[in-house]
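Heads up, the next two complexes both have chain A, just with different partners, chain B and then chain C.
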Partner chain A sequence: MLVTWRYRLRNGLMEKFDPRARWIFSLAFLFAVTLFWDARFLAFFFIIAFAWYFSSRAKWKETRRGWYLIGFILFMMIVINTIITGGGAGGVVPPGGHLVWAQGGTIPLVGWQFHFGLTWERLWFAICQLLRIGAISAIFLIIPYTMDPRVYGVTFRGLGLPDRFAYSMELAFRYVPTLARDFGTTLDAQRARGYEIERVKGGIIKQIVRIAPLIVPVTMNSILTGEDVTNAMDLRCFGTRPRTWLQKLTFHWQDYALIAFSIILLGGGIITLYAFHLGNFWVPEFWLRLAGG
Partner chain B sequence: MLKKSWKFGTREVVYAAIGAALYAVLSLATNWIQLPSAGNVSFRPAIVIPMFFGVVFGPIVGFIAGFLGNIISDLIAGYGFWFWWDLGNGVIGLVPGLIAVWMTTYNSFKDIVWGEVFSTIGVLVGMGIASISEMWVSGADMSTVIFANYLPAIIPDLINGLILLPILMIAYAAIVKRSGR
Partner chain C sequence: MNNLPLVIENLTFQYRRRSEPAIEKINFSLQPGQVMLIAGSSGCGKTTLMRCINGLIPHSYQGEMSGDIRLFGESVVGMGLSTISQTVGTLLQDPERQILGSYVLNEVAFGLESLGISREEITPRVERALARLGIQHLRDRETFGTSGGEKQKIALAGVLAMEPRILLLDEPLASLDPASAQEALQAFRMLADEGIAVMIVEHRVEDVLSIHPDIFMYLDDGKMTYLGGTEGLMDVVDYRRIKLPARVVLERARQDPAPVFIPAIRPEVKTETLVQFEGVHFRYNEDGPEVLKNLNFNINAGDVIAILGHNGSGKTTMVKHTLGLLKPTEGRVLLEGLETRKMTVAQAAHTVGYVFQSPSQMLFAPTVREELSFGPKNLEFTEDIITQNVEWAIDTVNLKSEMEMPPLALSFGQQKRISIAAILAMRSRILMMDEPTAGQDYWNYQAFMDAILQMPGFDAVLFITHDVDLAVIYANRILLVYNGEIAADGKPQEVLKDEKLLRSCRVLPTSLLKLNMEYLPQTGRFYRAETLAHLQS
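Presenting the complex of A and B:
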C-alpha cells in the first residue's frame, strides 16, 4: 500500500507564511465567515478565500478529488435543504416568502395535484450557502497540499498545545508509512493463504467480518511494537523536561501582518454584526422582482 | 498498578500516536469497500480503532486516535481539514475510554458488553456533535442534519464498530495473557 502526503513545495505565496500564522488566519476566517448570511459580505469572504487558495499554486489536477467530495456534500445540502425539505434553513430564512411555483403542479397521467413550498428567498439562501461553504472549503482544503507534515507537531506546540500531545502528533505522522507497510505485508501474507478481500459476496456482516483477518494482525502487531517504543522512550527519560524540536519556527513581518489581518477580520466581523446589526440574511430587490414581488 | 483514566504518560503518548496512524492507514486501505445497495454511504471499518484504543488505553488515547487519525486520513486523501468532524471522531474514541479503568480481562461477556454500550454512546454523541456543527457552519436545518449527516454517519459506524470491537478485544486479551503486560 502506497501512502503519500499531498504536500510538495510549490513556492507559492502561501508558503512564505509561518504555519502558526496560517492556522490563526484559517481559524479566524472560519469564525468570521460564520457570522454572516448576507451575500455581499459572503462574496467578500469568498474572494479572500479564493485569493488565498490560488496563492498556493496548487493545480486543479491535484485538488480535484477534494473538490468532488465538497461538491457532493454541497449538492446534498442544497438539494435536500432548499428544494426537498422546505424547512426553516436553520432559522435563517424567515417563514413565508415568494413561492417559485405558486400555482403548484399536476402529475401527468395520474392527474395528482402537488404543492411545492420552494421560495425565492430559499433559493437565495442556497446561493449564500454556496458562497459560505465554498469559502470555508477553499481555506481548509488547501492546507494538506501546502503544509509540510513534518512541522505539524512543532506548529501545534507553538500554538499552545501541551508538549505530549504535540509529540504524539509528530509520532503519528512518522508511524503512517511504517503501518502502511505492515498493512501491505499482512495483506500479502493473507492472500498467500487464500484470503480474498475483493470478494463482494455476502451481506454487510459477512463483509465486515472478512476485514478482521486484516485489521486484527496489524493492530496487535503495532500494539506489541508500541511497548518496545514506550520502553525505549522511558529509558531516554521522555517527558522529564520540555522538548526541543528539530524544526524551528520563527515569525517574520509577513506573519505578524497576517495575524493582524486575521484579528481585524474577526474583530471587524463581530463589530459589524453586533454593533451595526449588518450581515444578517438579506435578499436583494432584483431577486424579488424575478419572483414578481 | 492501578489504572488511571486521565493519565497521559509515555505509554499513552505512544499508543495515541499508534492509534491515530492506524486509524488513518486502515481508513485509507478500506476506502474502496462499499455497502451493498448504498454506494454513497462511506463505509469505514477502521472506526473500530478509536473505540478499541479508548477501551484499552483510556479516554485521552481514544480521543487522539479518533481526532488525529481522522485529520491524517483526510490529509492523505486530500480532503482538507474539517475540525468539527475530527472532533466528532475524537469523541467516538473518548467515550469508550471512560470505562477503560473498569476493564479487567477484555474477553469476558461483561467487558465486551460495556465496551459495546460505551462505543454506541460515543458514536451517537460524537457524530451528533459533528452533525449539529453543520447547522452553524453550513446553515443546514435540523432535518438536513439528521437525514444527510447524522444517520448516514452513525449507521455504518455502529455496524462496523459493534461487530469488530469484540473481535479486537478478544485478540487483545490473548496478547495480554501471553505477554503478561
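Presenting the complex of A and C:
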C-alpha cells in the first residue's frame, strides 16, 4: 500500500494558495534562479525562498531528515566537486585566479603527477552554489509537507497533464515515503537475522553483495507494489474514460497574484541576464582583498 | 439459465511459462443472491479462477485459456476490463494491496472517478457505499491510519460504490481479527441478500459456514473435486486438509488412528526467566497515541505463548520490543537479564528468532540454501553447524525439494515457510512468529506448527495469531491484548473460558474451543478435535 507524506493543515500563508499556482511559482523560481551566478542576485532569491519556506509554519523536526539529505548532497557538491576537484566550477569561474593553497607532487609506486590549487574565486563560487541550491531546496522540500495528498493528481491535471500522467505523478510522489517505509521494515527484518549494516566492509563488489539483503527485498517489494497498484487500478476501470477528479480546484485573486509574480520573476530574470548582461559570476572586491589581490 | 450472473463452462487456463494448467475443466453457475464458497489448499487454482472471472486474465496475466465465461448471458471474450469491472467487483486478499486513495473518501470514489461519473453523482454513491457497511465515520480519515478490519471495509466500499452485481472475494478474512472477520462475513451475507452473487475464496471454511453459503466448491490441483451444498462437503472433504467444525472432525477422526503430538517444550520443566517487560510504555512519535501501556510480564523457559488481540491492539509492537527493534519510551525490557537498550539487535538475535509477518520483506538470496544460511552466518556459526541447522530447518517446513530454488520464485505459502525456516536455522532460544499461519492452508500450517513444537531446542515459543484454534491446540499460555494493555495472561483453559472477556477483546470462541470447554472437566486441558475423538472413546 502506498503511503503519503506526513501532511497536516498548518494554516500557513503558503496553504492559502491553489496548489497549481504554487507549482507554477516553484518552477518559475527554479528556472529564474538557475540563470544567475551573481551572489547579490542569488541572495535575493535565497531570501524569497526562505520567506516562502517559513510561511508554511513547518517545524524543524518535521523536515530535518530532508535537510540532512540536502546537507549531504551539498557537501558532496561543494566540498568534493567544487573545492577539491574544481569540476563543479568549470565554465563559470574563469581559469587562473588568486591562490589560497597549492600543492603538487608524485603519487608513489604509480608515479602519477598531480597538481591541486584552490583559489579564492572557487571558494566564492562555493558560496554562490550554497545560496543557489539552498534556495531551490527550500522551495521544493516544503511541497510534500504542505500539500494535501488528495490534490496531488488533480493539480497536475490542472496544469495540463493528461489523466494518466497526472495520476502517475501522484503515485510517484507517494512512492518516496513508501520506499522509506519498506526500507525500514526490511532493515528490521534483516537485523533480526543478525545482519549489521555497520559491519559491511571490503571492496566495492563485496560491499554491494553485502547490501543485497536490503536492496533485493526492497526492489522486489517495489515491483510487487507496482503490480498490485496496476491491478487495483485496472479493476476499477482506470484509464478507460476521461477521469473525473473528485477534488475541485479554483483560482482566487491571490493565486493570480502569485502567478503574476512568478512571471515577473522569470521574465525579469531573463531580461536582466540577456538584455542587461547582469547576473553572471562576480567576485566582490573585499573577497579579493582577503586574497591580497 | 442464459441470464444468470455467472456461468462457467469447461474453463481451463495455463499460464504462459507453466507446463501444467492452473485450472482444468471448471463448470458451475451462480444465481443472484447466492453465496458460493471455494476452498482448497495453496496453489489449487482458486486465485486463477478469480482472475479469469474478473478479467485480469488475460488482461494482466498471459496464458492459454479455453472454455467459456458468461456474465448475465454475455461471453467475456473480447469484453474490456472496464466493462467487466462494472459487473464484477473484486476484493483482493490483502486490502493493503487494493487501496489506492490516500483518504477514505478518495479511495471509495476511485472507480467512479475512473468511469467519468459527475462529482454530483459520485458523492451520494460514496456515501451510500459507506453507509451500507456502517463506516460513514471513516469518510475523512487517511486510509493508512485505519486498522486491518477498517481497511477491509474501505476496500469493499470502493468496490460496492461501482454497484457490481457479482462480488469476488479473495481470502477476505486472512488479515482480520475474529470479530472483524465475523462483521465482514455478515456484510457479505447482507450484500447477497440484496441480490448480489457473492463468490468467496477462503481457507477459513469454518468461519464462512456461519453465513450459510449456498454452494461449496472444492478445488484440488486445479480440478473441481466437489460442487454442491455445504452438507455434502462434510462427507467428501478430508478434515485434515480443510478446517471443518470441531464436532464434524470429532466424529470423522474416530475412524482414523489418534494423532501423535508430543511437544518438546514443557512448562513444568524449566522456570528460568528469559524476557522481562517492566512498566513498558511506547508511542511511535511524541505527538502520537500511546500504543503500549504499562506492560508488566515475563516470558519464561517452557512457555508456548499465543498472543491474541484485535487488529491494531499493539501485538507486533510488543514483540518487536523483545528483540530491541523498538525501545520503550518508558520502562524497560530485559533479555536474559540485560536491558535491550544496551544491546544491538544483532546481539539480541542470538537469543530471539523473530519471523516477520511478510516473507517478501526479508527473502533475497539466489537459493533457499543460501537464504537459510544467512542468519547462522551472521551469528558466526561454524560451517558444520550451519549445514546441520539448514537441513533441520528445511525438513521442518517440508520444503527440501526446493533447496536449490530461488526463494522469490516460490509461491506465497512456500515463501512464508522459507521465512520461518530461515529463523529456525538460527537455533535461537526463543522463537517468535508474527501471524505464522496467515495465507497458509490448514494442512501445511498444522504440519509445520507440529514440527516446530515437537523439535527440541527452543526454550520458549511465542506466536501472534488471529486463529483462536491455533492458540487452543498449541499454546500453554495466552496473552490477551486489548488497546495496548494486557487484558488477561494465563493458561489457555483459564483465559479462554471467559467468553465475555474474549468478546470484549474482539476474540470470538470457535467450535473447537467450545468443544474443549465441554470436555475440560475430563481432560483438564485443551486438545485438538482429533485427539479428543480418541480420548473420549
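One rule holds for everything that comes next: the second predicted complex is superposed on the first by the 196 of 293 C-alpha atoms of A that agree within 3 Å, B and C clash if a C-alpha of one lies under 4 Å from a C-alpha of the other, contacts with A are read in each partner's own complex, and residues count from 1 in each chain.
Here is the rule we use: a contact is a pair of C-beta atoms (placed from the backbone, for glycine too) under 8 Å apart; a residue touches a chain by one contact, two chains touch by 3 or more.
Since this is a predicted model, take the numbers as computed values, not measurements.
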First, second, both or neither for A:207, with chain B first and chain C second: first
First (chain B), second (chain C), both or neither touched by A:164: first
Most chain A residues touched (candidates chain B, chain C): B
First, second, both or neither for A:222, with chain B first and chain C second: first
Which of chain B and chain C A:189 touches, first, second, both or neither: second
Touching partner for A:69 - first (chain B), second (chain C), both, neither: first
First (chain B), second (chain C), both or neither touched by A:239: both
Partner chain in contact with A:141 - chain B first, chain C second, else both or neither: first
Which of chain B and chain C A:118 touches, first, second, both or neither: neither
Touched partner set for A:128, first chain B, second chain C, both or neither: first
Common ground on chain A, meaning residues reached by chain C in one complex and by chain B in the other: 1, 3-4, 149, 174, 212, 215-216, 220, 224, 229-230, 233-234, 238-239
Touch list for chain B against partner chain A, complex: 8-18, 20-22, 24-26, 28-30, 33, 35-36, 40, 45-46, 48-49, 52, 64, 68-69, 72, 74-83, 134-144, 147-148, 159-160, 163-164, 167-168, 171-172, 175, 179, 181
Touch list for chain A against partner chain B, complex: 1, 3-6, 26, 30, 34, 37, 62-63, 65-66, 69, 72, 76-77, 80-81, 85, 87-92, 125, 128-129, 132-133, 136-137, 140-145, 149, 164-165, 167-176, 178-180, 183, 187, 200, 203-205, 207-209, 211-212, 214-216, 218-220, 222-227, 229-230, 233-234, 238-239
Residues on chain C engaged by chain A in the complex (per definition of touch): 54-56, 59-60, 80-82, 85-86, 90, 92, 96-100, 102-103, 105-106, 109-119, 122-123, 142-144, 158-159, 162, 320, 323, 325, 344-346, 349-350, 352-354, 356, 358, 360-364, 374-375, 378-379, 408, 422-423, 426
Footprint of chain C on chain A - complex, ascending: 1-4, 149-150, 174, 182, 185-186, 188-196, 212-213, 215-217, 220-221, 224, 228-248
